[in-house]
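Each structure below is given as structure tokens.
Each of the two complexes below includes subunit A, the first together with subunit B, the second together with subunit C.
After this line comes the complex of A and B, so read on.
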């Protein structure tokens, strides 16, 4: 056996259909068009149909999965620009509290609070984190870890914005079809939007900042300004998730800054595979229903997430999505050395 | 004013004890051990179980706890960290997740409320010019100072300590001198965990053995380590005094619920203004900014 291993090695090659469908000639055959479209259309159709099928409890689970998917997307976007966040809860909480405060004190309807919280929250998050865009790696991670803790303690200590009791009985969504389709729609728009942004020149610069920020600086690009822009985009998405959940629960409290909202998106992205956005969505669509099915574990849920996270990072560092993508596009064979 | 001084000193030494293990591990192996808070509470729980379930006497249970915590740190390295060594973010995420897993697991088995607490070694207290201080706090003060001195001697005058510093300064050169990088890393994590266990058995008797405390210990340890400069022990001591006195002053003049904001604010401030910390020197430019 050992000898056989010595003489052969595995070789990966692109499937013929992959090579053919890379070019304009893809339009010459239905099979190749299908090969390209299927992985894109299937999840879109699936996500659009699911709210019709799932009602009641599992409908809520779907919404929650989409919201976590949005947070995971926002995490992935920051990560693809070299900013590694341990505090997605910060974005979530800022969005929640803006929407909650507007709905409570000014009686604005969700139609107004959600856009204002999305944009205003994005600006606020980018402004708050702008002094630390110079930091890299674990130092940025540490400050994002501290951010949500600081804010939740501040709210409890100052007793502004409802203090530790939070703001309750906020305006709900009126139509029952609005929440699921808003969540699913936002998820799809972000997913394909982010994939597009990252493939544009703009995204190329962001990726380059992650890979080698000195090189980008030497190309006379202001990386700090780019990072602030990325923070605004990711922050807006996180704030949208928070504002949405505020109206969905009709409640906002310091728990919006809870560790769950930091660790779950991270786990989802690690499980699905970072860097492709699809992986982050995939991960959260697996993780959330799985944890609902494991509801018997109740308090052990976070422990469960953490263990999944550890196993993913150590055992399957590329993530499920990358694995599937490879299987879809390539085949393996043994070749003699 | 005197009470501010005395309690400020005690609080500072407590913070330094929290941070000692974290700072040491990071300084040597570059592993930011975010499981520190989890290990702290876990050691408290182990000590409690040894004393109440196995009914061991206190002078046996506490050293045993420290040893077990060291072994756990050792296992943490060989079980998890060795596979992802050299990817700082993966290290952070894995230790962070391990710490939360420990804490939430302990919550699940019922570690909250006033049921669990560790006994105080020495009962009673004295009055220093009208300020009441109990002996346990003075004991913590003494042990903290002794521990800091011992640690300094250990790192500067023993072979293992010198190997630690060698690895910290330049891993490749240290390797050529026959210093095994993985073993030193594992040892550093073991020593760090043992230090967190020492802090736990000393400090926990004065409070409640609760999982939520673990998060605060982690915040304090990270705050002190970052403010002081991650690899510098003098910086760490200065930082713990700044934050300790800051906290006591805030508690006295503004309100005790504001106390926890001091370390968080200090982290945010120092990372924004001087990312390498007060006395951090090497790894200044290329890693942080």
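After this line comes the complex of A and C, so read on.
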């Protein structure tokens, strides 16, 4: 081995098609078109077909996975502009309660409550968090962590919005195809939309804020306003998820602010690979079905789940998606020195 | 004392050090001269072992693949792949580029942390030695390191390396970003350190302030050794005079 080591090293190279499509964009054969399209089309088609195949219990699991995927995307979006959030549950809860209150007290149908909760909730979340955009790193994380606790305790203590019993028997979705396709559709739109945003100039600024906010300030960009915009976008997505689940369960209660909605998206993004959005979706589509499948283990479920997570994070800290992407786009060979 | 033989370092497919060989004799001050991206810092990181640590982390993360080949011998023992902490125990101590200090701790605390390996009562002595070497730091004993000026931080960084009681002291661009007056002060301090029986390997871009104190110099460009020689030989070399002495 030592002998071989002296003469060779492993070299990592981009595949030809990857290099060509990155720069001059020449595609010369069906094989190459397939190479580029497959990783995009396959998951889209897969997600669109899944609701037809999965019905009943596993259909519900799929919807839940998509909703967590949305929360994970929203987390990843905030992380990509330097805001490390521990409070996705805050967005989820705000959306849930807006939709729930509108449906309960004004008898609005889901067609109205969901858009209003999405946009209104986004504005509300951005407004609530706007005083803390000046905080960085751990301080921002702490504030977002206590946000959902504050609201759930407030609702329980004041007995407003149903108090600890919550609001029940809300209007359900009428058509059985609406929930799965709405969830899958929203997930896909968000995934590709976010990937587009982050690759545009707009996303460039957000990424720069993550790397060095003072340097961005010296380029005459108002970083606080940008951060608030990012909070609005991420908040809207989280609120949509909440509003959707309210109508899906026909119930909303303080449990909408549960810690699960903060932690699970984060672990999904960590497992799938942060920073790519696709990784966040990938992670939640693995984690949620896995935790459902582990239900047979009863009490040991969480233990097993934690062990899987620890192994993944230690063994593959770059995330599954980064790993697959690298294997797909690059090859390795031994070169003589 | 230190022997670097046919050292090659690749960062992924880019070559940082290319077949580099050099030797540091016991009790000498040796300089490695080179412009930006010549490979000075990579050389220092390789000798101090930080590169081994970087390589492990990158491998696990699936990031850049670092390839390390060749031989690195310290007093006859091969140290190419051993941990950086073990190398410090053997007496190889690096004072890193851009004077890194613990910003939230004061000067004395910084020196205490750096003296982790030294016995308690000896740390006190070493600290007093540092204050003797840099009298300027004496007044600043209890000032937070983050509030010191660049030159003071550099003095502290060198002091921190000294408290670890090196036998081979590596200094990565100790004069970077300092005024000419402080540069020559530091060069004098380096000579004083050398008098305590410490062998020194120092890198720099601009050779003039160091020229009077070094015994031997190596010039590297793009990771390759281009010129080597004693102080006099280097001072006479027209290329060195033009590029590194500014004459």
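In this text, the second predicted complex is superposed on the first by the 300 of 337 C-alpha atoms of A that agree within 3 Å, B and C clash if a C-alpha of one lies under 4 Å from a C-alpha of the other, contacts with A are read in each partner's own complex, and residues count from 1 in each chain.
The rule is short, and it goes like this: contacts are C-beta pairs under 8 Å (C-beta built on N, C-alpha and C of every residue); 3 or more make two chains touch, one makes a residue touch a chain.
The structure displayed is predicted, hence computed values, not measured ones.
In the superposition on chain A, A:10 contacts subunit C only, with no contact to subunit B. After overlaying the two complexes on the shared chain, residue contacts for A:25 are found with neither subunit B nor subunit C.
Judged by the touch definition given at the top, the superposed model places A:299 against subunit B, while subunit C stays out of reach. In the superposed model, A:263 lies in contact with subunit B only, and not with subunit C. By the touch criterion stated above, A:337 is placed in contact with subunit C alone, subunit B being left untouched.
In the superposition on chain A, A:326 contacts subunit C only, with no contact to subunit B. Contacts of A:318 after superposition: subunit C is touched, whereas subunit B is not reached. One of subunit B and subunit C touches more residues of subunit A, and that partner is B. Shared interface residues of subunit A (contacting subunit B in one complex, subunit C in the other): 317.
By the touch rule above, subunit A contacts subunit C in their complex via residues 5-6, 9-13, 316-318, 322-323, 326, 337. Taken in their complex, subunit B has these residues touching subunit A: 32, 80, 83-84, 88-90, 92-94, 96-98, 100-101, 104-105, 107-108, 215, 219, 222, 226, 255, 257-258, 260-261, 264-265, 267-268, 271-272, 275, 287-289. Chain contact summary for the complex, subunit C toward subunit A: residues 8, 10, 12-13, 60-63, 65, 67, 69.
Subunit A makes touch with subunit B in their complex at residues 84, 86, 131-132, 134-139, 141-143, 145-147, 149-150, 153-154, 156-157, 259, 263, 266, 270, 298-303, 305-307, 309-310, 313-314, 317.
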